[in-house]
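Data first, discussion second: the structure below is written as structure tokens.
Order of writing sets the chain letters: A, B, C and D. Residues in each chain are counted from 1.
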Amino acid sequence: MSIFIDDTTRLVVQGITGRDGSFHTRQMAAYGTQVVAGVTPGKGGQTFELDDGSQVPIFDTVEDAVEETAANASVIYVPPAFAASAIMEAADAGIDFITAITEGVPVQDMARANAYVLDCGARLLGPNCPGLISPGKAKVGIIPAQITTPGPVGVISRSGTLTYEAVNQLTQAGIGQTTCVGIGGDPIIGTDFIDCLEAFQEDPDTEAIVMIGEIGGTDEQDAARWVNQHVDVPVIGFIAGQTAPPGRRMGHAGAIISGSAGTAEEKMKTFEENGIAVAKRPVDIRDLVKEALGV
Amino acid sequence: MDIHEYQAKELFRNAGVPVPPGEVVTTPEEAEAAAASFGGQVVVKAQVHTGGRGKAGGVKLASSPEEARAHAEKILGMDIKGFTVEKVLVTPAEDIETEAYVGVLVDRSTQSPVFMVSPEGGVDIEEVAETNPEAIRKVAIDPRYGLLPHQAYAMAAFLYDEPSQVKQATKIIGQLHDAFTANACSLAEINPLIVTPAGEVKAIDAKVSIDESGLFRLPEVEAYRDLDSEPASETKAREAGLSFVKLDGNVGCCVNGAGLAMATMDLVKYYGGEPANFLDIGGSSNPDKVVAALEIITSDPSVEVILFNIFGGITRCDDVAKGIVEATKRIDIETPIFIRLTGTNETEALEILKEAGFSAYTSMDEVVETAVQHAAKA
Amino acid sequence: MSIFIDDTTRLVVQGITGRDGSFHTRQMAAYGTQVVAGVTPGKGGQTFELDDGSQVPIFDTVEDAVEETAANASVIYVPPAFAASAIMEAADAGIDFITAITEGVPVQDMARANAYVLDCGARLLGPNCPGLISPGKAKVGIIPAQITTPGPVGVISRSGTLTYEAVNQLTQAGIGQTTCVGIGGDPIIGTDFIDCLEAFQEDPDTEAIVMIGEIGGTDEQDAARWVNQHVDVPVIGFIAGQTAPPGRRMGHAGAIISGSAGTAEEKMKTFEENGIAVAKRPVDIRDLVKEALGV
Amino acid sequence: MDIHEYQAKELFRNAGVPVPPGEVVTTPEEAEAAAASFGGQVVVKAQVHTGGRGKAGGVKLASSPEEARAHAEKILGMDIKGFTVEKVLVTPAEDIETEAYVGVLVDRSTQSPVFMVSPEGGVDIEEVAETNPEAIRKVAIDPRYGLLPHQAYAMAAFLYDEPSQVKQATKIIGQLHDAFTANACSLAEINPLIVTPAGEVKAIDAKVSIDESGLFRLPEVEAYRDLDSEPASETKAREAGLSFVKLDGNVGCCVNGAGLAMATMDLVKYYGGEPANFLDIGGSSNPDKVVAALEIITSDPSVEVILFNIFGGITRCDDVAKGIVEATKRIDIETPIFIRLTGTNETEALEILKEAGFSAYTSMDEVVETAVQHAAKA
């Protein structure tokens, strides 16, 4: 099993003809993801050629794409100015699972878009996230597939390359993943740690969970308390930004310590208090997972 | 992006908030002239991107133009928490009966703007939150509806009893919300919101942070960016499309990805070193970016070693390696460089680097530990 | 039994110190309704004296009123410019049942307010309605109590005085009512015919239902179809405006025939098709109810 | 409240919708001058609050100023469905490649604004709805979010294939929505929205209805009210705070409550009569209102009898009776008056009326039947 996406996922790519959209569409399809449609306003009726020569139909709107191809998931590679609108369009068209890769979406736009997604009963992952991969089944977003392998560990992370680092070490140690989810580094995101924890908790194949957090906000603390109350499998945690100074934004819009809340120290403390094994260095994640799984 | 008090006041004034007049000046002479033009008592206020100006002596009351000049002389050039005061705001002093706090910020947990108001203004609101949380009222604003009239009224009624003051504050809260949404703010606050002896409600201090992601729609707000108030290295990094934060250590870091960059800094510390900076070069392997990154890092005289930590996912390691080689050809670097590259096309990348004479590593811990040891020796 | 309000209803009056608000507060209280609070911004802390000398506390906000008095219903007598806001305030304060008497609320204001009420999980009756009365239990709004009497008939109407006419005739014929609800004559209203039908259908004491409609819209037709499928007790219908010319607004903002829909003829036809006994004259309502109840 | 095409176009222009220029004139001479100032072909269009102007000969193409003058001469003063043409709009003729329909109205069933768009414009949209419903696309606008960009785009893409036209139409749909919300519209439509041979998308006809309840916030829109276009009696009624609609019968009706007023009219018809009007005096028993009502009713020469039907609920019957007596003292009325009063303080009311020499009834059927019989005899 896996969470959110698998081999039944029928994906529409919003912004399929853009630089990033076209590159990653080929990657996703090559991995075996069912890319059933693309959307680029004004290019409806054209097709997008995959590496194997097969053609993905392009539509003007997500609504058309859903109607014609029964797409049930979308991934968004459009510029920041249009990302919130693209998210709402997908939700309005009945897409269940929306992944927004775009970085730099205005946060007030996101507040509205997020409310809209909830009103439509859909789930949003991102924005400003690497997407997710259920190894051996499907990949949505930009996570490099070769660093993953099927197995029993669920991975949730606010970061991109740091996740790759951790996942790569797991894979090299022969420990595979059910699903690796990058939830993104923005202050307002659709799917948070708890949403993923809940999904992993319900997934019988997930035998351990890795949570990679960072400074800013209190999501990790909330998640830790949720773990304490609801999660049966071992959870391993890591927090990036132990040396980050307060009040300075560390790349991600959400990675900023405001006031007393949101420090790495605080988060690691809460992890420990709630039974989450805390990795001091990225490499410790692998070792703690090994220990937890007894391998 | 933080903007100055006088800029925040301009945004608030544009939205209709009653804000006393003021003039921003850069010399004591101009301060004297401004004070003279207002007449009466004025306040001379340092314009810096940090709090605690008052305690640091950056806010002074002047009874005469001459005194204003004298204050400006002291304040201009002053260092407040690492920020040099380049400008002061001269503004008429107001008689104050009461001071309240009104602020709105994007709240992560409710995923919406949240107002915070308190009749205990004029002090740090975080302090009030700790010592007297009942004196603060928080109201989440549903982004689907925006601020509703009854919410503005209820907050105003929490601040004041006098109906005329409640009415004025209701209006000001609405105007503050307008300014907040129109200018892509992540924070907009009035502290204090005062009542004068005549019963007028006015904003006499203003603080605004802008969501960087919203600036592309707001060229007039982007123009508020004060390049003097940030290190030149950060300006250069932004222009090159890099995320950069200057720190105090001696290990210059160049990483792809914000999370990995923080984790790299943490690991530097773990091995007993101190990072000189946070630097995320993003997903690009463009040599221009690598050049800019190296220029920025080497411009810091404290830097003893340069540490690259690249995880090639979508970014191909051989592209980054080429970028590093190309960059070091273009600029002359004497600082030793330690490079870790792993992931996509790692083998080709290590080959390229070795040919160019660089040490190259594949383990993050190994490279960090080595770099830190080298820096300690330097 | 009755619907929406009864002797457990704890009412807050929004606009209690206004001309209409103060008059009707006295009337409602005199009828036995529990008027527990009033709201007039700026008059919080004062009290409102009822005819029996008892004092109703006045608050600045509905939130304060709910907190202090556990009010669970509100009635709104504020001017049109503030009515939508008053509705939203009541919903936000956790009021379950909101009755808006105010006439002339801008329709676009109402669209937003109505959405807000639904988002808060509350029920709105009106605006531009006479309110409702559960004879012998409670009255909220402006329906003259003396024309009603307890009994087995549920009455739903888009109009005010026309309802009084019909109810008065029932009462004079000795036929009482469970609840009489005036849903109002505006194009956008909170509670519609179907909501009331549903409530009456679930009320074991309601043995017959009178539906008084008028021209404009298709609510009566929708209600008629709903009656056909879900209502077990006899339903008697009347439609006002058989002689109204198309395109002219007959007093009520909602009483206007646009295009082919919304004529009285069409509505009466749909009533008949769905088993609703159609009264040609107001006086026939009474006779059809008698027939239906076998009295 | 309906407004004229030229006024609707002004609102649309203010919102940015591309609308060709135009001049409103009241004389043939002015029409000629306007045509001359535009040059080329112009269209002379009757400004009346009814549809079907084209079929009635109220819209004419003119190739020269002289021809425009001649058309204006014919159209001004023309009667279209009971409305006299007082003004014509002179506007440059546009070359038309395609005609589409774009409208937005407050929809009762979805309780929200709903857009309707169709590539089949220039004709009655209700006709399209019947003959070719697939050519219409409806989109409900969630009042919490307003029109969303993807909705505007999807509608534009339904109308056009050419990307430039889709882009223009997307913008126009947004602007139409802005005009709709800013002006408390219950209906705002562009029919047709044309594409010119040069590929420009333009609104060449405009129709707007304003929600009367929203007018209190919009004095500039209230000023659009064209008193010439409605019977003087309706103007007078509105000013007196009465709801009044003139009809063609001879039984003048004066009722409290809109529903009861309609039911009274229906009952007049039921007993073989014809109502002369709809008139709701509301809940007030103010003699001034009763006077105004009687003045309005008696100013209609067709009225043979006056019928009062008052259900006293909150309104006290004795107050209304006093109002009637007072009113009939103030104005001289020869038309027979039949009064039914029932409800609160009915007995006192009937006493007052009888003393003043009026017939008074308590049954609605009885009074209506009697009044109708009397009217038939007159």
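Criterion: a contact is a pair of C-beta atoms (placed from the backbone, for glycine too) under 8 Å apart; a residue touches a chain by one contact, two chains touch by 3 or more.
Please read all numbers here as calculations on a predicted model, not as lab measurements.
> Both subunit A and subunit B are touched by which chains?
D
> Higher C-beta contact count, C-D or B-C?
C-D
> Quick one: subunit A and subunit C, Cα centre-to-centre, how many Å?
Once rounded, the distance between the two centres reads 50 Å.
> Which whole number of Å gives the spacing of the CA centres of subunit C and subunit D?
Here subunit C and subunit D have centroids separated by 28 Å.
> Just how far, in Å, is the C-alpha centre of subunit D from the one of subunit A?
So the centroids are 55 Å from each other.
> At least two other chains touched by the same residue of subunit C: list those residues.
112, 116, 119
> Where in subunit B do residues touch at least two different other chains?
Answer for subunit B, listing residues that touch two or more other chains: 142, 144-145.
> Counting only chain pairs that touch, give me the topology of the graph as line, ring, star, complete or other.
other
> Which chains touch which?
Here the touching pairs of chains are A-B, A-D, B-C, B-D, C-D.
> For the complex, which residues does subunit D have touching subunit C?
106, 108-109, 111-113, 126, 142-144, 181, 184, 186, 211-214, 216-217, 243, 245, 247, 255-263, 265-270, 275, 278, 280, 311-314, 342-344, 364-365
> With touch defined as at the start, can you tell me which subunit A residues reach subunit D in the complex?
Residues in contact with subunit D: 41-42, 44, 60-63, 82, 85-86, 88-89, 92, 112, 116, 119.
> Note which residues of subunit B are touching subunit C in the complex, please.
Residues 142, 144-145, 148-151, 153-154, 157, 163, 166.
> Would you tell me which residues of subunit D are touching subunit B in their complex?
Going through subunit D, the ones touching subunit B are 144-145.
> Where on subunit C is subunit D touching in the complex?
23-24, 27, 80-81, 104-109, 111-112, 114-116, 119, 142-144, 146-147, 157-165, 168, 185, 187-188, 212, 214-219, 222, 238, 240-245, 248-255, 259-260, 264, 280-283
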